[in-house]
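See the structures that follow.
One chain, chain A, appears in both complexes that follow, with chain B as partner in the first and chain C in the second.
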Partner chain A sequence: MTEESVLLAHGGGGILGHDLIERVFLKHLGNPVLNALEDAALIELTDERGQMVGQPALTTDSYVVQPIFFPGGDIGKLAVCGTVNDLAMRGAQPVCMSVGFILTEGLPLSDLERVVASMAATAQFAGVRILAGDTKVLERSSGDGLFINTTGIGLVPPGVQISASAARPGDVVMVSGAVGDHGLAIMTQREGLRFDSPLRSDCAPLNLLVRVMIEACPGIHVLRDPTRGGLATTLNELAARSGVGFEIVEASVPVHEPVRAASELLGLDPLYVANEGKLVAIVEEDDADALLRAMRSHPFGREAAIIGRVVAEHPGRVVLRTLLGTRRVLDMLAGEQLPRIC
Partner chain B sequence: MRYTDEYRNPDAARGLVATIRGRVARPIRIMEFCGGHTRAIMRYGIRQALSPHLHMLSGPGCPVCVTPDGEIDYAIALAHLPGVTVATFGDMIRVPGSRSSLQEARAAGADVQIVYSALDALERARREPGRSIVMLGIGFETTAPGVAASLVEARELGIGNYFVYSMHKLTPPAMRAILDAGEVRLDAILGPGHVTTIIGANAWSFLAQDYRIPCAVSGFEPLDILRALSMLADAVWNGNPQVANAYPRSVTSQGNTKAQLLMKDVFETCAVAWRGLGEIPSSGLKLRQEYAAHDARLAFDPPSAATAATLTPAERGCRCGEVLRGVAEPPECPLFGGVCTPARPIGACMVSAEGSCAAHYRYGGSLD
Partner chain C sequence: MTEESVLLAHGGGGILGHDLIERVFLKHLGNPVLNALEDAALIELTDERGQMVGQPALTTDSYVVQPIFFPGGDIGKLAVCGTVNDLAMRGAQPVCMSVGFILTEGLPLSDLERVVASMAATAQFAGVRILAGDTKVLERSSGDGLFINTTGIGLVPPGVQISASAARPGDVVMVSGAVGDHGLAIMTQREGLRFDSPLRSDCAPLNLLVRVMIEACPGIHVLRDPTRGGLATTLNELAARSGVGFEIVEASVPVHEPVRAASELLGLDPLYVANEGKLVAIVEEDDADALLRAMRSHPFGREAAIIGRVVAEHPGRVVLRTLLGTRRVLDMLAGEQLPRIC
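After this line comes the complex of A and B, so read on.
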């Protein structure tokens, strides 16, 4: 017997479509709101007394990662973490999210179910409810596999004002852990490049870490997760948005040894490689020690480190102090990083 | 094992910098042949740390950089043929030919696939017997043995729809061509670590014997490079040209003889054109007669893909050729950093991470 696959008819709104909703989506993601199968979910952003408990935050993102399963995660876990993390970078705790699936015919149903189950587990772990969903099926010629779009709503606690434009000269720059794990874990799984390595994606819901950070230090100036383009690109974005310069010490940026070794082999720079479970935090110098301690007390921030300072000089530019004590500009990623030939 | 840390110790690095600076009586000029070295030297700030005592010049050791327009145009034309899939290593797809790139060809509907090894392209040929799979054989002595192995396997298994378009080039003849041209004065040469792992350190003995120039073969970690540069500073100081192996954990004097034999079995040398250096005798590899059935040059005759109305990089003022000979520094090119950037490269040297323009752009930024 051949394996069951996604068919065009699964997206047709008929019996097969309903079947898919019951057997896969509601089985794993079901909750009273979703089970009602209404056209729109009604959401509560107030407490028992009807009071708003913070400012609502909204974000959206799409996920097209290949391969859809990789060491340390899959596209479903990534979609939940990505959305939760975007909310968390404004200091928000997630309330609910929607999920849209775009599938191509021929995708094994077992793969879809694995992804949905992983989303459910990640959402539960992060404390976010999935309250709306949609599925479309495309012909095989339109691409390969499984794509996900998500939208998330969160609440920013009163008094928290975190923004990419809030870095001030004198502030301290930190990262929550080692950089480059996700991008290299994905790259080493692509066709023809399977090397024996312990590389795993760092994909994780950072709202849990952020909650601990805000408790320790409500006045955090900036949070940002260095996803595509890596740490270097994120630092450049922040320097530009805040109109300040950064001085970063290369030797203090944590990089796991397998990531370093694989980067050397492929001719890549870990500072430009994507992360899915790390954040950059910028705070006033007086708050830095307390924040660092709080981060290190959480499993997602155990390897947190201070990597540099915000300065008034060279606004918009990031300067890296190298191993040899020389200084050079750390630029944005230009183009894409491709493995070298020799 | 914290493998890379052992070669990145900041105190040891600063100590070596001080030693080198103390050893150099007059400014000396050293060419790093290999693009991997160019990138590491820029990235770790080694150039700056040693200036002005030691002036580093970038050589032609970046495979996609030295591939001339004509070969890229031919590869693009191949990709546009119906029923043909072109398989290539990563950074090649962005290299501009005279009018276009493989990336643009792919966007226009051509089937261009990135592979990490020629054996993956061979596997694709086996899976898709109805298509012709053409592997772009690009690179120096480092990649040629892998491509040779795929051809041996294709012949043994009778995979008739697998072809190789060989643009492989050999490094010692290019080094010789630069020295013979006499355009740049060099005191010493930093020898390429990966290439020499295959060809063996003895392959560079002609530098000392024929040109009286010392050479030190180096790895790619900061301390590897600084140790090799320190050996070169000593050799220049002592007037003692010889080939030193500063990368003994990978390089031997004989090299990888198995890989050398594989290359000899499959390829023979021929004269080829290098971007910037022109035609160099016995510097290219073409498929031997026994492998003619897999030679893309013989199997296909694509129409020229030239489309008028756009200017070639050279016509737009690109100085990649001079950069590859060490005659010009990337920032001296009028296009550098303005219209030519890694995101929208005009010249080949801005494409690859190993290209000296890309390395200068990414790591050479000035604070002024």
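After this line comes the complex of A and C, so read on.
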């Protein structure tokens, strides 16, 4: 018995394409809007009185992670979480999302279905509807597997003004949990390394955590998820956009023990490794305790910690007080640590 | 002097990625929203009084066309037009769009810049703003070139209710111009064929044509752009969605002479070949003349023609009166005519 796999004709717009839509995509993602198979989906951004409550926000991301299945997730879960999280980093709750698949001829249909089912489950968990989709197929010789684009629309609640440029001297810098889990999980999976404690991606949708945070502290200045380039690169971006400096205490940054061990073995710094279920939050000092309590009350923020402060000195630069007690500049990621991490 | 090309590190989220964003993407696509480099872009769907005039619509498409440059366009122009057109097929005018690039290591930066500049020019022509973006980079061994996802948001004017399921018996079926140009242009370019009259893609944004059409005839029942699978496949989709039959007169379907000649040489039927700047419109008989005049008044509808009728008989089926005077069922595309046509 041969396993069914993706054929070029699945991307041809004809009978097989329609068959794939019915058998895989609509089976798992189906809803009245998507099922109508219109060229564009009509979407609802207003409440029952026809009012749009909040400011619409838009974000897009493509996912090329390799392998497509990894401990703690898969490319489908990642694609939904990543776009939900980018919306959440403006304080927005997701409303709807589109999904574009690029498949390679020969991909087992069972793999595709597993990814699509995972997207459906993650979207349901995050409370976002998938309302538009597209599929293209590449020849076997011209790509390897499965790429996904997700583009999301959300609504920022009235009064919330979260921005990468809003950090102010005196503010407190926090992370929602331990860093490095996603990147190390992918890397050890790819290299075939084994550790006593398995490394799992932290891949998770953060919009519900962000809702709790905004309820506790509507005046949050900055949220950002430290994905590619890790915490160090994200902090550098924020310092540059806000025109401020950061003083970060390395000993305060949570890192799970297996991640630390694997990082040492592989010669990596967990501060530069991608995360897919963590966020950096920056708030006024007076709000810090309330925000930290709110974060720790949510399953995705249990290990939240204050890791440093915003300063007026050395604008655009992140200074790290190291475990050894020295001070050094923490630069942005210079080269490429690991391709296809997300 | 070696030509600069895309490196894996351009996708790493670090310094080179930021450099690419500045030097290529923001150079051509830059605007205050995009320049802010936030995780999600705040978008405006309301007028100056804070009212949303119309119903928001969402569409997504990925583009994998090979070669990326072809007579009449390139993958960038195609990506903007395709998404603008999918919105227009609901009657929507585009408001904003996101762009996701997947690049392969080794792609010349000059090619990327040419594509991005083409996107900028096409977006300006169509009146759509590009407000969110993302870039990923694949290893050379795992992909060949440049894939683009565009996801668009538009607004459907109040009262307009265009849908693939709205064709009714007695309605008139039109196309906005000659069919087969895009597919044949790609195919002959790829095969290295030469013809006396060069074949050019019809790739064009149709939202301005649609605006003129809706002004002339707000009650248009159906619009659909016959892309992958061509006119024949689109008509089959519409017949199925609307639960009606079509009677199409082959002699009435405009086909440019070079397309006809190339199709014969290649053993293709232009009715199954992809278009990227044409639409099918279905209206009540009483509106047909006014709509045809409106279409012909616009540069992208000059060769518009009535090609058939909607009937209550044989629901879901398209029947063609052929050039030879016989009648036959025009099926949906069965296999794959040509991979990576769009």
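Basically, the second predicted complex is superposed on the first by the 330 of 342 C-alpha atoms of A that agree within 3 Å, B and C clash if a C-alpha of one lies under 4 Å from a C-alpha of the other, contacts with A are read in each partner's own complex, and residues count from 1 in each chain.
Here is the rule we go by: a residue touches a chain if its C-beta (ideal position, glycine included) is under 8 Å from a C-beta of that chain, and two chains touch if they have at least 3 such contacts.
Keep in mind it's a predicted model, so treat the numbers as computed, not measured.
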item: Which of chain B and chain C A:137 touches, first, second, both or neither; value: second
item: First (chain B), second (chain C), both or neither touched by A:298; value: neither
item: Contacts of A:317 with chain B and chain C, given as first, second, both or neither; value: first
item: Partner chain in contact with A:99 - chain B first, chain C second, else both or neither; value: second
item: Which superposed partner A:257 touches (first chain B, second chain C, both, neither); value: first
item: First, second, both or neither for A:168, with chain B first and chain C second; value: neither
item: Overlapping contact positions on chain A, where the chain C interface meets the chain B interface; value: 334-335, 337, 339-340
item: Contact set on chain C toward chain A in their complex; value: 7-9, 11-18, 36-46, 52, 55-64, 66, 85-87, 89-90, 92, 96, 98-102, 131-139, 141-145, 147, 149, 151-154, 156, 163-165, 224-225, 227-229, 233, 237, 241, 274, 332-337, 339-340, 342
item: Chain A residues touching chain B - in the complex, by the definition given at the top; value: 190-193, 251, 257, 260-261, 264, 267-269, 314, 317, 319, 322-329, 331, 334-335, 337-342
item: Chain B - residues contacting chain A, complex; value: 1-5, 8, 10, 13-14, 17, 35-36, 39, 42-46, 48-49, 63-64, 89-94, 114-117, 119-120, 138-140, 142-143, 194-195, 220-222, 341-343, 345, 352-354, 361-367
